[in-house]
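So, here come the structures, one by one.
In the two complexes below, chain A is the common chain; its partner is chain B in one and chain C in the other.
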Partner chain A sequence: MNLSVATLVFVAVLGLLGVGLYALLATRNLIKVIVALQILVKGAMLALVLAGRLRNAVQEAQSLALTVIVADTIVAVIGLTLAVQIRQRLGTLDIKALTSLRR
Partner chain B sequence: MLIWHGLVVAGIVVCAILAIRAQRLLTSALWLAGCSALVAVLLYLMGAAELAVIELSVGAGLVTVLFVFAINIAGEDAASLPSPLPRPLSWVVVLVAVGLLAWRVLPELLPLPWLRVTDSSTFSDWVWGNRMVDLLLQVVLIFAGVLGMMGLLSERKKAGEHEEESA
Partner chain C sequence: MTLILVAAMILLPWAGALFVWAAGNERPRLQNGLAVTFSVAAGICGLAMLPRAGAEVVLNFPVGGAFGDFTFVADGLGVFLAAVATVIGSLAVIFSVDYMKGEHQLGRYYAMVLFFIGAMVGLVLTSNLLLMFFFWEITALCSYALISFNNDDPKAVAGGMKALIITQLGGIGLLVGALVLYAYTGSYDIQALIANPAIVPAGVLAWMAFGGLAAAAAKSAQFPFQTWLPDAMEAPTPISALIHAATMVNAGVYLLARFYPAFHGVPGWTTAVTLVGLVTALLAALMALVANDLKRVLAYSTVSQLGYMVYAVGVGGIYASQFHLLSHSVFKALLFLSAGAVIHAVGTRDMRQMGGLGKQMPLTRAVFIIGSLALAGIPILNGFWSKELVLEAGLMHGPMWAYVGMLIGAGLTAFYTYRMVTMVFYGSPRSALHGHDAGPAMRVALIPLAFGALTTWLLAGPFSRLLSVESLPMHHIEPENTWVILEEVFSLPTLIALLVVALGLVCWWQRERLAGLGQALKGIGWAAEHSFGFEAVNRAIVGGTQKLGEALRVTQTGWLNWNVFGILAGLVVVLIVVILGGR
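Showing the complex of A and B:
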């Protein structure tokens, strides 16, 4: 098998996407859900830079990935604020306990 | 060279798995920081040096501080609750998704050569020249994030005032 750097980086992308997706499906803790989202986005960003590197457009890929990092950080900020508020109001971080939204 | 890439890739995946498996939230946040730092190293090895610096400072620095701060306020909750989906079903969904991605991408990826970077444009050309709309979007995003955070944090005050009034 032709094992190049590109294949290795793609293995990292697959690993990050797989671990992040599994954690999103399997975890019930709100802060862990945000950790899972961070891992997923890191996988997507690596894939973006890998694609840019292979097409000889690293700088373009970097400028796009910069927006991804900013958006990801904002998601983390809002998500963590929400988690803190939910914990202080409902006393739990369990996403299954958030049934009061249904009423 | 390939050994270094291999070690970093293995480190990234192991850190991600440990971040998910950690029982304490704080440990989970620290493993995520390690994962971010290793992603930054891999980006540097791929020739994306500017992005590596940003990922290291924002992904491994700022986000970790935010996590530690939030966990400090919210407190450690039971991190190992039973999963909402049956675990075998989660595994099947993940394996199908990752398998489909590998099946579609790997045949295209394997024959591509890993060439030297001959791209003569610079990062600042792209960010300040060709991607002004993205920059504006980032400014809007940051404002939206700050306003959203302030809005959420002021909710408690309002609720507290209501309680005081009713008392």
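Showing the complex of A and C:
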């Protein structure tokens, strides 16, 4: 039974990573990029917890997962703030249109 | 006592650098005083250290981890080079008091000079290969900062960049050597490697040996890396003296001499070293023949003389190589500083505009001629004895073709030296230049060096004891009496060498009659003026790198989707490697 739970979680990890990466590859909308990043990071976090469970190092896995949650929240907040600013100043959320720093 | 002296030789210049910098540029007199005090104190420590050379570890900082122990060993070779760096360095600092008068950024100047001297001492005294690499790179950075000291002059900045890039390229060889040594032995101890080179496998040792040769060639401006040294002439002249005589270029020859016991068994290594020395000595001598910039002639002569030292290492003459290094340090510092006095007085480096300056600057002329005679290898000056010892070692243990090549180089040296002296000091003035003789601080630096050029050959015996078995057990240098060593020079080959030198001088006197020959050799002259195509190669490499960078710009789209694709592709590659490696 234990094994099947682990398999289930592993499938979920792969699914989350797959969805997140696909969205990052496909989307050009900045808000969707941030959502995709969130999905991706959730997958990574779940993978950490799973690895801790399988290796009998649950505490390390949990502390790592907590650290990731904090970092991930900051990324989301700053990303969304930037998105709001960009929308206000440039009138678009298309990441291909953000070329003012390119030469 | 030994411990205090070793620490003082490194830390005194470094402390001086901090104090000079803290003194501030608005107090130049204080800065001069501080720089001279600290460098002279370090020089005294360097001299006091000479009789205390020994093979044991005097200073050990156990840093731990991947850095190992930072150990310092004050053996003969290290102590000798440390003394050269501190003593010649302090003379260059004293000379700077006059030369740099009125300069607004003395703090930057002296701080870098003192930092440079301390790093050079550390480089030659440490026996930790990784630490040696650190000091090696500090000297490269200091030389860059000092060559580009006039940082509003694009030529000076370009010269500094060139020196930095080329010497860093060679530094990679040293870093690889250090890391390989650590990977196979678990420590960076140079002494252990020299005592028993078999601690690393033969193939790996070969990589280390040739990496070391590349590092040494880049540092000592040897073929094919010789192009940076002439461009480094944009530096203030005391810096040229410092780089050419006291620090920097000696490090390459030191590296070869230090590791000779470990590397000489590597197949092809000694031949490669001999060849590098020979080719450099000849090419640089030819380029010195056609250069018209006084400092460039001296720079090419340095490259050429370093070729003699490298050649001596290649044929196993470690003693001759280091003895020539001693002579060269003294007479080249003398030549550069007196050339600096000339340039300071007349305000140009172009020898075609000089001429007849001897009457206006009698003292400078006298010391310059002493240095030139030593460079040309005229008896009884120090350059004569050491160059003959190098040639002697080459004849006894080296291949004949290399010896003949070096003899031709000796003739060329005499020829270009004589050309330089007559163009600067004799004949009728070619333009309305007015010189004044060297100032008091310049004299303080010039006169001891001139005395040294006349007398350091008398130290042959003590010098052999310094490098003998007691402090360098693996180099097998026999301690001998001065007269026994110098007696070797009185032989038929020396006579031949002297005849070649005399031939060089006669060629200069009879240059009008030899005009036909000069026409015939015009092609060589043209090639030498264009540095035998090495500048073109350098430019091609720089241009190619820039083009490649521009071409790779297309991969930097800045599109998030594209970058994520790159990350995914990388992930797939890593996964494949892991799966394949897991089997």
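Throughout what follows, the second predicted complex is superposed on the first by the 99 of 103 C-alpha atoms of A that agree within 3 Å, B and C clash if a C-alpha of one lies under 4 Å from a C-alpha of the other, contacts with A are read in each partner's own complex, and residues count from 1 in each chain.
Heads up, the rule we're going with is that contacts are C-beta pairs under 8 Å (C-beta built on N, C-alpha and C of every residue); 3 or more make two chains touch, one makes a residue touch a chain.
This one's a predicted model, so the numbers in the text were calculated from it and none came from an experiment.
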item: Chain C versus chain B on the shared chain A, clash or fit after superposition; value: fit
item: Larger contact residue set on chain A - chain B or chain C; value: B
item: Partner chain(s) touched by A:78 [first = chain B, second = chain C, both, neither]; value: first
item: Partner chain(s) touched by A:33 [first = chain B, second = chain C, both, neither]; value: second
item: First (chain B), second (chain C), both or neither touched by A:25; value: both
item: First, second, both or neither for A:96, with chain B first and chain C second; value: both
item: Smallest separation in angstrom, by C-alpha atoms, between chain B and chain C in the superposition; value: 5
item: On chain A, positions contacted by chain B and by chain C; value: 21, 25-28, 95-96
item: Contact set on chain A toward chain C in their complex; value: 21, 24-28, 33, 95-96, 99, 101-102
item: Touching residues (chain side chain A, partner chain B) in the complex; value: 1-12, 14-23, 25-29, 31-32, 34-36, 38-39, 42, 45-46, 49-50, 52-54, 56-67, 69-74, 76-78, 80-85, 87-89, 92-96
item: Of chain B, residues touching chain A in the complex; value: 1-2, 5-6, 8-9, 12-13, 16-17, 19-20, 25, 28-29, 32, 35-36, 39, 42-43, 46-48, 50-51, 54-55, 58-59, 62-63, 66-67, 69-71, 73-75, 77-79, 81-85, 87, 90-91, 93-95, 97-98, 101-102, 105-106, 109-115, 117-119, 121-123, 125-127, 130-131, 134, 137-138, 141-142, 144-145, 148-149, 152-153, 155-156, 159
item: Sites on chain C touched by chain A in the complex; value: 558-561, 564-565, 568
